[in-house]
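Next, two complexes with subunit A in common: one pairs it with subunit B, the other with subunit C.
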Partner chain A sequence: MTTTRERTGGPAIGRATRAREAPVEKKPRRGGQRRRAALAGLAFLLPALLIFGFFAWWPIAQSLVLAFQKTNLIAPAEWVGLRNFEILFSDPLLPRAALNTLWFTVLSLAIGLPVPLLCAVLMSELRRGGTLARVLAYLPVVVPPVVAVLLWKVFFNPGEGGAINALLGLVGLGPFPWLQSPDLAMPSLVVVATWSGAGTAILIYLAALTGVSTELYEAAELDGASVWQRIRSITLPQMRGVILVLLLLQIIGAIQVFTEPYVMTDGGPANATVTVLLMIYRYAFLFGNYGVATALSVLLAIVLVIVSAVYLRLTRSWSTR
Partner chain B sequence: MHQRTRRALAALIAAPLLLGTAACTSAGGDASDGDAEQDVTITVMGKPAATNEAAVALFEEQVAAFEKEYPHITIEATDVPWDAKSFATRLAGGSAPTLLRVPLTEPPALIERGQVADIADVARELESFDKLNPRVMTFLERGDAVYGIPEKSYAFGLVYNRQLFEQAGLDPDRPPTTWDEVREYAAQISEKTGKTGFGEITTNNSGGWHLTGYSYTFGGRMIEQDSDGTWKAAFDDEPSREVLELWKAMRWEDDSMGAEVLGKQEDLVAAFSAGNVGMWISAPPDVYPNYINQGGDPDAFGAGPMPQGGGDATLAGATVLMVNATATQAEKDAAVKWIEWRALRPNVDLEAAAQTAEASAADGLPVGVPVLPIFDDATYEAYQEAIAEYVNVPVDAFAPYVASLSEFEYVPEPEVASQEIYAALDPLVQAVLTDPNADIDALLADAGNRVDTILAQHAS
Partner chain C sequence: MSAPGSAPRSASVRRQRAPRERGILSAFDWKRPRILVGWRTMHLVLFAGLIGFGAVPIVWMVRAAVSRTTDLVQRPLSVIPEPAMWENIPTAWNLLDIGHYLANTLVLVAGSWIVQLVVAATAGFALAVIRPWYGRYVYGAILVTLFVPSTVTLIALYLTVLDLPLLGLNITNTPWAVWLPAGAHAFSILLVKQFFEDIPRDLFEAAQLDGAGWFTIFWRIVLPMSRPILAVVSLLSIMTAWKEFLWPLIVLNDPETQPLAVALPRLAQDTDPAYLIAGLLIATVPPILIFLVFQRSIIRGIGFSGLKG
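== the complex of A and B ==
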């Protein structure tokens, strides 16, 4: 894959070289002009930076402060040191929520990664009806999440009349309690999350697939490669950059799962679907304890940063091979 | 850079900042106290849901009449109801209305967090203030300060479907009075009709709310206060165990509770209105208007006493009106005037009571639903007489419930951290109703620890 490495490395090296060469090339009297131009650029950027800083970075900085305070957002905040973290770590629900979140993440990767990829590969092979397939695949993304989730709640009705149970009943299975069962509730939520998120992933995979050179497939076909061999040796390696980015986004998204447990199970039954984000929500908006909620948010953010860094480190060699 | 460019750039940067400052200034300006008669606009909760057209029409008539009486006040009403989850968000975000309409479980935390205003100066001047039920007012007063006024109060009772009773061969005029009877009746209804014999709710803190109410009927309490003033969990005992064992038996031995046990009150109201549930526990006067609005058959509705397990007690609560802490003096005055107009006057001013009843009846709204009165008995009797000719609810269907109201002790919800406690109890109730092998002792011990932690945090 020499070509890929050159393509990836090329522009960066070029930029670096140009940057090094630049001072030598230009005449000294033009330096002031350049600096002024840079200053003007910065000045033009300033309003955007200020607005971005105010709406994006300021709340983050504020939340870091809030994690060490006790406040009801009306009376003046009071510094409490590490008290919020102490409360958090003494909460017996925290390990449960962390494990649940991990379980959700593992399940949603196990189902949520291969399904859209497989769909995209199959759809790219369609000779007819590709547009219709893409529309159908993307439709769940257009449905408002709460509506979709409530619809699924009806599908998951535990009685024999529930849509899924009725279907399974045709082949002599069930009825299953789905959301009413501590064991089945989380996998049920993963199915919903995968269903609602797959459309976007499929579109991205499809776009990436168009970038794979058809010559490679033709060559492979001439060599007598089977469909599976073509997918394994051409499609997947060619798409690995996209797959790795989507996988990371999926991990981050799964760890922050909220809508499904919030709307469908409220963390139940018996805490089987309480996630970290649901705990943050309850601390903040149910119990009015914003300090502890922010402390947990900060912890979650730290975990996400670590997970992302480790992930990028682990996959660096593979993604640039 | 040209001077002109620099100026333009400076203006570009300064404009948003100035706009921001201006916005802050105008917001701050509104907060200044002013003349009581100045023009004022208040936002109020309590507008009926848009689907209940008749109730909305009546509400709007009341608003129009109020604004005519007080031309300087403008009412902006919202039909967004109180919700355990979104309510705190709205308060924190500053988007909560001026007048808050909340269940009686909320005032302690709202008062403690400084999120509601002391309205003593205006409220004490109301003519009817002294007639308000002191048992409810205890929760709304702190020393001389008054933080709210009750709109209505309720006590738990049994809500049941008379038609399903008949179909199951039960006498609809004799609802069960003990939990043993409830279990027996529920099994019979399930077996004979195929419907849910006894419905239960377990999410959004409703599982904890019901466990609390049921435990009271066995003589239990959820929390208790030590001599040194600290609160601790008190439900790891026989009364709670009895309730959980009852649930377990009804769910797994009798299979009389249906398959859907992971819902909240609204879900069960819908299922009950559709005639799919035989019995459940709630505040019957509160359920009835929603039941009718969702197409429930008035003749099928029945309200019985809270089933007992030896405690002779029932959980009592109320809906109270409070004023947002961010309200100005003028807004506070206006809000209390509105409370009097909408919530108090129709109970004490007999002419207004009759007019409201007549208008409600004309719009097809339920009139004369028997309630737990927020005023003293004499006032309530006079009110009932005044509206007698417009009563259109099957009062007889409420008779067993009404007759029981004087028999039981009214026990309020947990005095501190009630919502947190309910949230901690939800998983316990869910475990018993979704896991046939749930270990009740272990679950109770676990929930007890959790509630103790909550109470300790609450005290710190």
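== the complex of A and C ==
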């Protein structure tokens, strides 16, 4: 924040003083001005109002309607009450998809929280090569997800021709069937998702680390605190706000995983990687049952709200301490 | 992202973030042999890990793109192709019709970028500078959409572009189906609005006394002063648009109109791996180049967004 503010600071102040040479009288806003501002504001807000109206607010409202309707785009939509939800809950795939999504989320966080944090702490203490480290960490994020997924699909090739099996073969492990195995498929997807996402987390933690006041470290050091004590008693508590927000964002993002299971495994093998979003996609675009798909979206939204609320409640005592 | 350092430094902080005088470790710590050796080792491990994590897969992709498929299967760990098949790239380009899909991607990215920039700049100006009485309600309604994940409204959004309310238009299979929804990005409005709010209001009042209208103030004063934030919003929107997959997959089912990201998985099914990887490489080069050129602003933008959370 400060950096950009300071960047404009120069010219802004220069022009402001020049402008002040003209006699400036601050008049209270009168009715006419207020109305003119309202009109001008409307003109400038028009693009946003149109775009958000059509593509954000309308679909949100529409979701709540569609969930209780039967829509297949051929016959006119009809109200069906809770029928869509009944269809969903009688689908044996739903508990499977929910568990798979949960498993994916747990695995992603098990790697996605500690590893980027550790990397960021180490990177913040680099005296040389900091930029190189940042670029290396962020490079995978720049690779389009589809490319990352297709590339890793090649790495995960079963048999000895796959790069990962060849690598593990060097230490006498494998070959593993990876994406063809119901047990290994989901962890493989987590590896790819982490590869694509960890860089962002590292950079966010790094930015938060530079915000920790150096005076605190100074004082702790004078009091004889060891490096580990400084990390535990200063760095982590100072960063808890960022850690908590980022963790919540990671949870919300992981619950909505789609590209990896869709492109790499298409939900297989034996439905081991069917996620909630994949089910929504299939209901809508494979079976043309938009009402049920929207009902599942609404359920997903409710789950996300509950998760966020519970999360904020659980972490409240810690974050405001 | 507050600039660290003591008061006398602040003048030099303007161009770039000043180097931190100390972090967790002080200069004194660095002189202690145990810490020096320990942290040096950890940093070496870190760099080895980062190279393996960030560089090796991409280098491998370059190598695989210019290899024979048999070579790829026989020596999967080598980074030197044997023999080097540079002709893979032009072959893949023609075979997979990459030029066509790449052009589609560029059109989609450029349009999404412009729409997002126009929406964010005008809305930010209205909310931060003109400040009409209803502004806070509009801003609230915009911020609400931050809390509704796009995947949740996916189906309803699809049905919307299939039959635009009031207008009755179907914009699927046209670039508009990607361009317009890209503008509904609350976060860039938030960034731009906060930046505009920091511009001294005296400027606008002086300009108004000189007879300038709101549009002149917007075009002549606010926009030229806002290059840093417009750059951050632009870079973030371009990178996001380039990575987009699910939405174009849904609204562009005519292969003619699809971007590279949507076309590649479809083509992957019956393409020789080496050619496919050449295609992957071509799809990756532009965003990597943009990133390397603008890495400073992009990395700053990420820190930005993270702190806003």
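What to note about this one:
We take it that the second predicted complex is superposed on the first by the 256 of 321 C-alpha atoms of A that agree within 3 Å, B and C clash if a C-alpha of one lies under 4 Å from a C-alpha of the other, contacts with A are read in each partner's own complex, and residues count from 1 in each chain.
Throughout what follows, a contact is a pair of C-beta atoms (placed from the backbone, for glycine too) under 8 Å apart; a residue touches a chain by one contact, two chains touch by 3 or more.
Just so we're clear, the structure is a prediction, and the values are computed from it rather than from any experiment.
Once the two complexes are overlaid on the shared chain, A:206 sits against subunit C while remaining clear of subunit B. Look at A:51: by the touch rule set out above, it reaches both subunit B and subunit C. After overlaying the two complexes on the shared chain, residue contacts for A:242 are found with subunit C alone; subunit B is out of touch.
By the touch criterion defined above, A:290 lies against subunit B and subunit C together after alignment on the C-alpha atoms of chain A. When the two complexes are superposed, the chain touching more residues of subunit A, out of subunit B and subunit C, is C. Contacts of A:40 after superposition: both subunit B and subunit C are touched. In the superposition on chain A, A:158 contacts subunit B only, with no contact to subunit C.
When the shared chain is aligned, subunit B comes close enough to touch A:282, but subunit C does not. Contact with neither subunit B nor subunit C is seen for A:113 once the two complexes are overlaid on the shared chain. Across the two superposed structures, the residue set of subunit A contacted by subunit B and also by subunit C is 40, 43-44, 46-47, 51, 73, 157, 281, 284-285, 290.
Every residue of subunit A that touches subunit C in the complex is listed here, in rising order: 1-13, 15-16, 19-20, 22, 24, 26, 34, 37-38, 40-49, 51-52, 54-60, 62-63, 66, 71, 73, 119, 121-127, 129, 131, 133-140, 142-147, 149-152, 154-155, 157, 161-163, 166-167, 170, 195, 198-200, 203-211, 213-214, 217-218, 221, 227, 230-231, 234-235, 242, 245-246, 249, 252, 256, 258-259, 262-263, 277, 280-281, 284-285, 290, 293-294, 297-298, 300-301, 304. Residue ranges of subunit B in contact with subunit A, taken from their complex: 1, 5-6, 9, 12-13, 16-17, 84-86, 88-89, 92, 109, 113-115, 202-204, 258-262, 264, 325-326, 419-420, 423, 426-428, 430-431, 433-435, 438, 446, 449-450, 453, 457, 460. Contact residues of subunit A toward subunit B in the complex are 36, 39-40, 43-44, 46-47, 50-51, 72-75, 83, 87, 90-93, 157-159, 175, 177, 179-182, 265-271, 281-282, 284-290.
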